[in-house]
Each structure stands twice: as C-alpha cells, then as structure tokens.
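This is the structure I have questions about; it appears just below.
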Amino acid sequence: MNFSSDNVTGVCPEIIDALIAANDGPAMPYGADDGSGRAEELIAATFDTGADVFLVATGTAANALALAVLCPPYGSIYCHPESHIQVDECGAPEFYSGGAKLVPLPDRDGKITADDLEQALRHEHGDVHHVKPAAVSLTQTGETGVVYSLDEIRRLCAVAHEHGLKVHMDGARFANAAAALDCPPAEMTWKAGVDVLSFGASKNGAIAAEAVLLFTPGLAEQFAYRRKRAGHLFSKMRFIAAQFEAYLRDDLWLTMAAHANACTARLAAGLGELPGVTLRYPAQANIIFADLPNSMIAGLRADGMAFYDWPGEGRSTIRLVCAFDTGLADVEAFIASARKHCP
Amino acid sequence: MNFSSDNVTGVCPEIIDALIAANDGPAMPYGADDGSGRAEELIAATFDTGADVFLVATGTAANALALAVLCPPYGSIYCHPESHIQVDECGAPEFYSGGAKLVPLPDRDGKITADDLEQALRHEHGDVHHVKPAAVSLTQTGETGVVYSLDEIRRLCAVAHEHGLKVHMDGARFANAAAALDCPPAEMTWKAGVDVLSFGASKNGAIAAEAVLLFTPGLAEQFAYRRKRAGHLFSKMRFIAAQFEAYLRDDLWLTMAAHANACTARLAAGLGELPGVTLRYPAQANIIFADLPNSMIAGLRADGMAFYDWPGEGRSTIRLVCAFDTGLADVEAFIASARKHCP
Amino acid sequence: MNFSSDNVTGVCPEIIDALIAANDGPAMPYGADDGSGRAEELIAATFDTGADVFLVATGTAANALALAVLCPPYGSIYCHPESHIQVDECGAPEFYSGGAKLVPLPDRDGKITADDLEQALRHEHGDVHHVKPAAVSLTQTGETGVVYSLDEIRRLCAVAHEHGLKVHMDGARFANAAAALDCPPAEMTWKAGVDVLSFGASKNGAIAAEAVLLFTPGLAEQFAYRRKRAGHLFSKMRFIAAQFEAYLRDDLWLTMAAHANACTARLAAGLGELPGVTLRYPAQANIIFADLPNSMIAGLRADGMAFYDWPGEGRSTIRLVCAFDTGLADVEAFIASARKHCP
Amino acid sequence: MNFSSDNVTGVCPEIIDALIAANDGPAMPYGADDGSGRAEELIAATFDTGADVFLVATGTAANALALAVLCPPYGSIYCHPESHIQVDECGAPEFYSGGAKLVPLPDRDGKITADDLEQALRHEHGDVHHVKPAAVSLTQTGETGVVYSLDEIRRLCAVAHEHGLKVHMDGARFANAAAALDCPPAEMTWKAGVDVLSFGASKNGAIAAEAVLLFTPGLAEQFAYRRKRAGHLFSKMRFIAAQFEAYLRDDLWLTMAAHANACTARLAAGLGELPGVTLRYPAQANIIFADLPNSMIAGLRADGMAFYDWPGEGRSTIRLVCAFDTGLADVEAFIASARKHCP
C-alpha cells in the first residue's frame, strides 16, 4: 500500500518479456541495431510525426538535453516555480546548457499561464545585461497532478513563439495526461506548438526509458553530440528500445496510465467526501495533494499506508500517487483507513 | 561470428534472472532501496575496501564523473593518446569537469609510462598561465588489449602522487585484466595507489551497469551531487544494482572474463602462426590488433566474420574482440577462415 | 547635469596622473611588477588584513570570480531579487561557477534579511535532488541605495555560517557605504563575517579597477587560475594597480564617496519636500529612487536633466545617481527644475 | 635593455594623450558613447569591411570569446601545438566554449599547414563518439615570430571551409605581421578566408585594448551576450575606444610595429653572424628564438640584458622580443655584449 510515488513501482510484465526477447545474439551498438530503429519509428508514429527521436534512460537526462538544444548558455527558461527542472534536478538544466537561468513564472493553480509569460516577456528589452529569453518549459502532467488543456498549451506556445522562444514539454507523466485528455499525442504536442518533448516511460511501467522528440527541425545533430558527450548514449541501446516497443504496443502505455488515473480519481472521490479533508487541486491524472487532519495522517501511517508529507505553510499536506500497478483494493483500504481516522 | 566489440553482445542469463527477481513490489527510489545498498556493499567487499561506491549505467558517465571530482575546471588530465576518454567520449571529461584539458602522454606499446609522466610534470612550474596538472588516467585493460602490471600501476601512481596528482583507472574491461593478472582487485587498484576506479560490467555480460569506487576519501558528496545533476541517478536503481549482484556472485564476472581472454588467446595463437599476420600487441586480455594481408581480410568477411578495420598508416589492421559469450567454435572457424585465405 | 549612473562619469585627475606616472619604462607583466605588489598590499592594509587580493577590471568579473570560488557548480547562491548578480550580469555567476543557481530571497526594503535566509535554509535537507546551498551575496551599497548596518551584516553572516554557507559582498559601491556608515572597512567586511569582497573603484573615479579580497583562507590558488582562464589577468597590470594606489592614497576614495553621498542627500532633501514626490528608500548613499508626477519628469527632461526611468507597477519612478564629480550646482539646478514643474 | 616580451613595455604617448582627452565629462556607458562607436567604425574601416567589431581588454578574452562563437561545446579547434590558446591561456578556450577540445596539428617550422589540416580532417567521419571539427586557429604573427604568407593563410582557410570549419586568427601581434608583409589588413584576413580575428593592440603600445572582428555574419548577437556574461563589457568603454583611435590614427600602429620589426631584424643580423649562434626561425617580425652558447647567455645577463630562457631539449635557447619602444642603442648594446662573450 505504497502511494509515495510512481517511481517506487517495478516494471510491467510486457516490458520484462521484451527485455528477454531483445537478448538474442549480437546487435550493433549505440542505437545502430534494428530494434532501436524500430522503437524510434514507433515513437514517431505514435506522435504522427517524422520528428527525430532520441532514447535516453532518465527523465533528468531527457529534460536537460532537451533544454540544452533550445537555450544558449546566456539564455533563460521560463518554468513553473515547482517544476521538476527547477527544484528536483539539482541544476541539471544549468549544467547541460552551460549556465542558463531558470526563471519561475507565478504558480496559477499548479500551472503557468500564457498571460504571465506575456507579462514577463513584455519587460524584456533584449539587451545584453540580462539573460536572453530562449525557452519556456511546461510539465504535462504537472507536478501537482494538474493537466493543461489543449487550449492552454496552444496559448502558451503562441506567446512563446511570438517572442522567439521555443517550447519544451516535460512529459515524465505524459501518458497520464494523454489518458486524461483522451486526445491524440500529436494534438497535445507539436500540433499545439510544442517544439521538444521529453516523453517518459519510467514512471509508467518501464525500468528506465525516456525519449526526446525534436518536433522542430535543425536540432538533431547537436542533440546527438550532446547525448553522447553526457554519457547518455547507451552501447546496448536495444534494451531501452525494447522497453519502448512493448510500452507502445497495443496502447499499453495508455491502458496503464488510465488505470493509474482511475485509481487516483477513486482516491480523490473517497477522500474528498471526508470531513476535514481538502483536495488542493482537481484530481485530473495520477497525483493528489490533500490537506488532512494530523490525526488522520498518523492513523493512515499506523495502518501501513506509505506516502510523502509535502512541506507547506501551516497545513498538513500529503501527496498520493497512483501507478500502473496500484491495486484498487489498496485504494479502497486507504479510503477506509482515512474514514476510520476521521477526527 | 561477431568479433566487432564486446558491446555487441547481449546479457548473461544470470543477470536477466536477477532483473526478473528484482521486479518484486515497490522499492524506495534513487538508490535508497535494499538492493542498491546490498550491491554497493558487495562491490566494496569485492575490492576489500570501505570505499564509497556509486552506480551508473554507462562507462562514459562513470569516467566523466570520476574525472570531474579529481580535476578542477582549470586542471589537466594526463592520458594515453588513444584512450577512450580522449578519443571516444566526444569530450565528456571536458564537459563534466567544466573545461579541463586532456594531455596525451606518449604511446609506449599501448600504455603510458611513469617515466613519461615524470618527464611531463618536470616541465610544469605551476604558474597560472598553464592548466594545473591534476590527474592521470590509465585504462586497465587498455584500449589496445594490453594489461598494466601491478608494478607499472604502482609506479604511475607513485609519480602522480609525488606531484600532487590523483589517479583514475578506466576499468571498462577491468574484469579481463583481473582475470589476466589473476590478482585480487584491491591489489590492482587502491593498494597500488589508484584513487578512483570506473568499474565496468556492461562489456562483460550486463545490460548497462558501471560502478565508480572512490577509494580516496572526501570525494563522495560532490560525486553524489554531480551524478544527480548529470541525470545519472536512476529512480529505479534496483535494476542496476541487481545486475551487479548477479555479476559478482560466485565470481561470475571473473569466469566470464577468463572465458573471453581464453578465446582471445586461442585466436592470437591461431592467427600468429599464419604467414603475413602480425600481432600488434601481446594478447593479454580480450582484444587483438593484427595486421593482415588484404586478401585475408576480404576472405574473412566473405566467410561471414564481423570485425572492425582500424585506421593506421599504410597497414591493414583489424581489431578482434572476444566476450563472455564468444563461442570457441566461432574462434576456430575464424582461424580456419584466415588460414584458408592465406595468400 | 547627468544623474543617470555613476558609470557615465570620467576619471578623477589623481588617477589620470597615476597612470601617467606608471608609464615609466619596462615592468614585469601579469602583476609581477612592483606597482601591483604595492597596490595589493595597500588594499589589504586598508582593510586591516593579510587577505589575498586580486585585481581585475570590471565589477562583473570581480563578482563572478568571487562566487565561483565560493560555490560549486551544483550549489546555490542566495541573493536579493534585484541584485546586480541576479539581473544585470547576463548570467555571469552561472557561467563562472559552471551552472550554479541564484536563489532570490524576499526584498525587504531593498535588502535581504537574516530571518529570510534562515527560513529558506530551514527547508533545505541537503539531498542531492536539490542544489546545495553554498553562498549568500549581499550588495553594499545595495542597488536601491540602501546601506546594510553592521548588525544586519553580522546577522546575515552568522546565519550563513551556521548553515555552512559562505558570504560574498558585492562592493561595487563599497566606498559610498563606508562613507555613509563612517566605519573602518574591516568592520563592514571580515570582522562582520564576510568571506569575500568585490571592492569596486570604477564607479567612484577610476577607469576600470576592481579588487577581490579573499578574507577566508584557502581560496587564492583557484582564484588565480580562474582569473587567468577567464582572461581577466592583465599583462600590463601596473595600470590597474596605479589606479588603486591613487584611489586609496590619503582617503581619496572616501572623500569622493562622501561627496557623492552629500550631493544625494541634498537632492533627496530638496525633492522630498515637494508635493507629489515620494522617495522609495531612505537616501543613505549615492542613489535615490523617487516617484514623481509625470509632468515633473517631463519638465526635468525638458530642462536638460538626464536620468533613468525605472520600470515599476503603475508608478512613475526615476533613479538618480550622484558621483564623485557631481556638481552641487547641478544638484540645485535639478531641485529648482523639479520645483518649477510641480503640478 | 629588456628583451623579455612586448608586454613588459609601457604605453606610447599618443595613447596616453588619447586617454586624457577621452576623460571629458559624462559619456554613455557600456559602449553606447560616441567614442566607442567611432573606434569600432575606424577599426572596421582599417580592415575595409563592414564587419561587427567588439572591444575587449585582453588577448585571452578576445581569443576565448572568438572561439566560443565558432565552436560548440562538443567541437574541436585545430591549432599549433605551441599556440597561445593551447599553452598560455590556462584553458580559456575550453572555459568559454563550454568544454571544446583543442587539437594540435604538427609544428612545421613554427606554423601549421593546410596539408596537415587536410590530413587530420580526412580521418574524421563525423560520428558522435568524437568531438566535431569546428574551427582552426592560426596565430599571425606566430608565437615563434614567423609570419604566414597570404598564400598559406588562403590555403588553410580553403581546407577549413571545405570541411565546414571556421577560421580564427589570433592577431595579438597582427601589426607586426602586417608591417612585415606590407599588405592591407583585409588581404591578410577576410579576403584570405579568415572568419574571426583577434586584433591586438596591448603588445604594441596600448595599455589594454583588443578588438574582435567578426567578418562572417551571424555571430554578433551571441558574441555580445557572451562578452557581457564574461565580464568583458566595460562600463567606461570610451577608455578602450580611445586607445584604438590613437592606435590606428595616421598608421601609428604600423609605424610602431615596423620599428619593432626593424630592431629585431638588426638583432638577428648581428647575432646570426656570431660563431655558435643559431637562429631557430627566420626573423620575420619582432621575435627571435636563438640557440646561444651558455657562456654567452651568462655574459649577456651579467651585462644587464633581460630575456627569457626557452625550455628545449639539450639546447640553450633564448627568446628575444622587440617592441614599439625598443631603443636601437639597446639593440646594438645587446649585439656588442653577445660578441664580447663569444667563446
């Protein structure tokens, strides 16, 4: 009964099977094997695009490499103040970009907005004393569990492009957003104006598999060099590729994400009706932030529930995350425990 | 019959089994799980040390992170002119160190020597106009297949330490050298003066598993931050850890390396007696460089043998690499093919 | 009648004379000449310290080099949200540090406070997912013209040191603060806990002369290498040194700064009594921010007064800066013009 | 009687006068003043070009910034093994480029050659395992005092451009080469194919003044940001500009360089006829390397001559440099002293 994170999970059986199948004799290294080619094509096809696709193994690598090809060392990247790139990657974007600056926009219910971006850019006059606005990064699904609507994405991209900025989408939990919006991946990305996507699988049933899609042409060569130079070009690439092939086959990725979302919706509904419980954001994907009475939190832990406290001001907030392998029985047990510990 | 490289190989069955076994319910992420702790301890125990151990997934990451904690941005790293860090990592050490300089020492039969290091350092006066000598890196097994003797390692380390330099060992093929020298890992590393080791498993039966051992105290904190910041801290670390547990259990790693070495020795013996064939280096581990008649090279390829040409001056040199899964029958077939195509 | 900035000024005659005098035959390059040694000693003596002193030519170089020796690439630097290092140096600290992150603390009447620093550090748990708090930087005189009291500096330094952070003081206008507080330079710096000072002369009568004082031992070697590597070690160093010798002789620097401060005080007093004028901060040194009626701003410009508008929200704010060479008659003319244009 | 270097010299009186004249009331900072504009135009006009011109204060800054706009972090820069950028700038190009690699070509009588560049590039296949060849840098006048002919420059540039590389010329002693070849600056640079020039004045009579000319379009914006970010944008830019205005007026720069060259030629002629003396390179500009008997070297020093020993193998080599202010009497005294100490 572990709701700590979707990274405490193991791996779905289809992906394990794919790894075993991939272990079949010699294969060209560094992505020159057939399997890697197939995986890259499958990813591109999933997004209905001919975009360049690069495989890496961690979300931080995907994000930092993506931002490094969008932002020069003297540039700035607008982002959410609680975004993973800003607070949870130990400065990876700064490292990979050669010292770019991340500029947080205001938090608007867990998102950034086109209006705030417009406002921020209006004050920039493009002189050399200040870093040059170069990119904006949004997280879909957001770190708070919210999902940007297609219109919100389109407006953010439009403002960014008007001012010459590129748009990065951190899709560590892209699957959950795609399942939530029930829209084609292309709609949520390049058709809305996204230039580069970090497309994660690790949090949704894979071991360690992330893809970067460069929808905007002209970025592939430097991405390739930067990936190698960062030590993120795997010699036995086929084993990352195999994860993606299994992940995308027969919409497995969406099925798993939809399951995690459904568990979360049930959790939100069950908790939301308890007195003293407040949900901080609408439960759109697979993450909930909720304010609970302290006695309820203690009781849940006593009953064996695992989850993270989330530092706030004067409230007792917890974060709950469901994943592809969350048991519905565990969800019901969580709700029952919470109900039992109502003050 | 693929002798191209030890990175065209798949994975040994014990490691596949370990991955399956590790996929057992939730586990704390980012190396805080029990399995990661066990693997780190097992690695340290294998080297008879209490050194800090860090797991990563690629050899380039291991090397570049190791060098970044040994060499400041304004420092230099002495190395072999054909070393992986110098020619095959697209400048990863420069990237991770913040712009350090790699300084090649003369190639002496595939190695660097203590005398040449001494000679190079004698000319350095420690003024700020020149980068500061900070580290030396040697590769064991060397890129040319040669193995440094314990005495050679000790002398290199002694000269380095006299001049205030730290020593890095690139052990992407450490297992092959350990098997060749038949000496305890500790003897070949920290007892000889090595400060930091990149200990590779990926080329010897693992999917993607490398460990960095920091024998010299005081480096662990910055290594930990730098690993995370580079995107090389894996959330589902247990799957790297599991590879190492299987790799080291019952000396599997040495058994596999000894097999690769034996194949290589047979290959060298078989080829060496053919007219027109010259071995460039003694065949000590799992790599051979050999000058062959052009017609023999063409004939081997026609017979389905895969291997790399190696750019040289006026000679036709090929590289042959054996691995944990090289079949002895393939070796004999290679020799027979070569004999058949003797001019 | 130019109140735009203290960097629109020329050079005081004593410094011109010193340059001419320094142009006397050959001298050892790169700071090995007698004059450079004398200047470094004189600077150290002025601060009653044996600290290492390094000369550079721009404030951005001084700050960025200072921060680079205090903060690792994976570290963070707390600062004022409007500090020069954060908004006016195009990411120089990020560049020099190898990608550190600047973290703004709340603006409290133009300053940062020990309480806010304490609050920020309380939330940091020192895990590798977040950048490591490494330094705090305060500006004395602050960018808004405010001056930190000795007690404020001491408390900031105490909190920083308790948490293992180092303290940098950006003293581009150090002279104005020293004149305002009328306290020995040592009291305002190392005796209060400051680890490294950027000590500026360029804004107070020099051409281009800044010194970095490393009060905390152990930083000099890397500073020296980093300065050279950044192209900030001048071959004809004697001409920077000569500026400092003249600057510090007979307290010229304090005399010039006191003059600028007095002009500013008169300006503040004269403007402050006009209806519709609001001073944003107490006029403690040589900078004023004032809200003026739009018609008064237009009138001043029509009368030939030069100054900068300062972007704000809904107000018409201007910035006025006095310098060593500001004429008191110009000050009176400014006040008279403002009075004339009172609505 | 100091022949150590052209950076031990002072400043020519015309430049001192120009500094005094520039100190005339307020001026817009950061190069927005009239004088800076005039200087930039004058420099461009001197090179018969509309190229973007940027002023900085040190040769290392000029070179490192120039290379940073020509070479990506994952790129390589071909250069002479004894070039300033390779051995005397403490890794500045690596720092500014974000970790590019300098690749020395063979030393051919103090120069690099088009043939060797061609040869080096022939082996590069453009895969991501190796850094990407991006630029070549040649030094005119070379560090050994040799001068590239127009044809040599053209051939180097042609090979570079064929392979997609850009060409940087380190012109710290450009004036001496221009005087030696007696050709228009444009011929020696952009008309021969040079993309970016570091045009130095500091070694030829200025205090600290270097210009970077970006002959190839499209580089100016990033150069401007990088200069600021590196702390090399001077607030009182007019004082660098003034140096260049005086430097270029009435061909002063060429007159001074021709004088230095003439002194050197006389020195070479005088020394060359002495028994036991060997000149290492033809004396084309203002630097001589000569092998002297040890007793002669000792005798010269005893007579008060200052110069540097140059580390070599088994020879006693000294370097002699003449400058704009070298006295012909000193030259004759040097020759006489050498003759006196002939063994």
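Each chain gets a letter, A, B, C and D, in the order it is written, and its residues are counted from 1.
Definition applied: contacts are C-beta pairs under 8 Å (C-beta built on N, C-alpha and C of every residue); 3 or more make two chains touch, one makes a residue touch a chain.
What you see is a predicted model; the values in this text were computed from it and never measured.
Participant: Based on CA centres, what chain would you say lies at the far end from subunit A?
Facilitator: D
Participant: A-C or C-D: which has the larger count of contacting C-beta pairs?
Facilitator: Greater number of contacting C-beta pairs: C-D.
Participant: So which pair out of A-C, A-D or A-B basically repeats B-D, with more than half the contacts the same?
Facilitator: Overlap exceeds half of the contact pairs only for A-C.
Participant: Please work out the Cα centroid separation of subunit B and subunit C, and write it as a whole number of Å.
Facilitator: Spacing between the chain centres: roughly 51 Å.
Participant: For subunit A and subunit C, let me know how many angstrom lie between their CA-based centres, rounded off.
Facilitator: Chain centroid spacing, subunit A to subunit C, equals 42 Å.
Participant: Subunit C to subunit D: how many Å between their CA centres?
Facilitator: A distance of 34 Å separates the two centres.
Participant: Among the residues of subunit C, which ones contact at least 2 other chains?
Facilitator: 30, 73-74, 89-91, 95, 98, 128-129, 225, 228-229, 233
Participant: Taking the complex as given, what residues does subunit C use to touch subunit A?
Facilitator: 73-74, 76, 87-91, 94-95, 97-102, 123, 128-131, 311
Participant: Considering the complex alone, what residue numbers of subunit A touch subunit D?
Facilitator: Its residues touching subunit D are 30, 72-74, 98, 128-129, 132, 222, 224-229, 233.
Participant: In their complex, what parts of subunit D are in touch with subunit C?
Facilitator: Residues 2, 4-5, 7-11, 16, 19-20, 22-30, 56-65, 89-92, 95, 202-203, 207-208, 225, 228-236, 239, 306.
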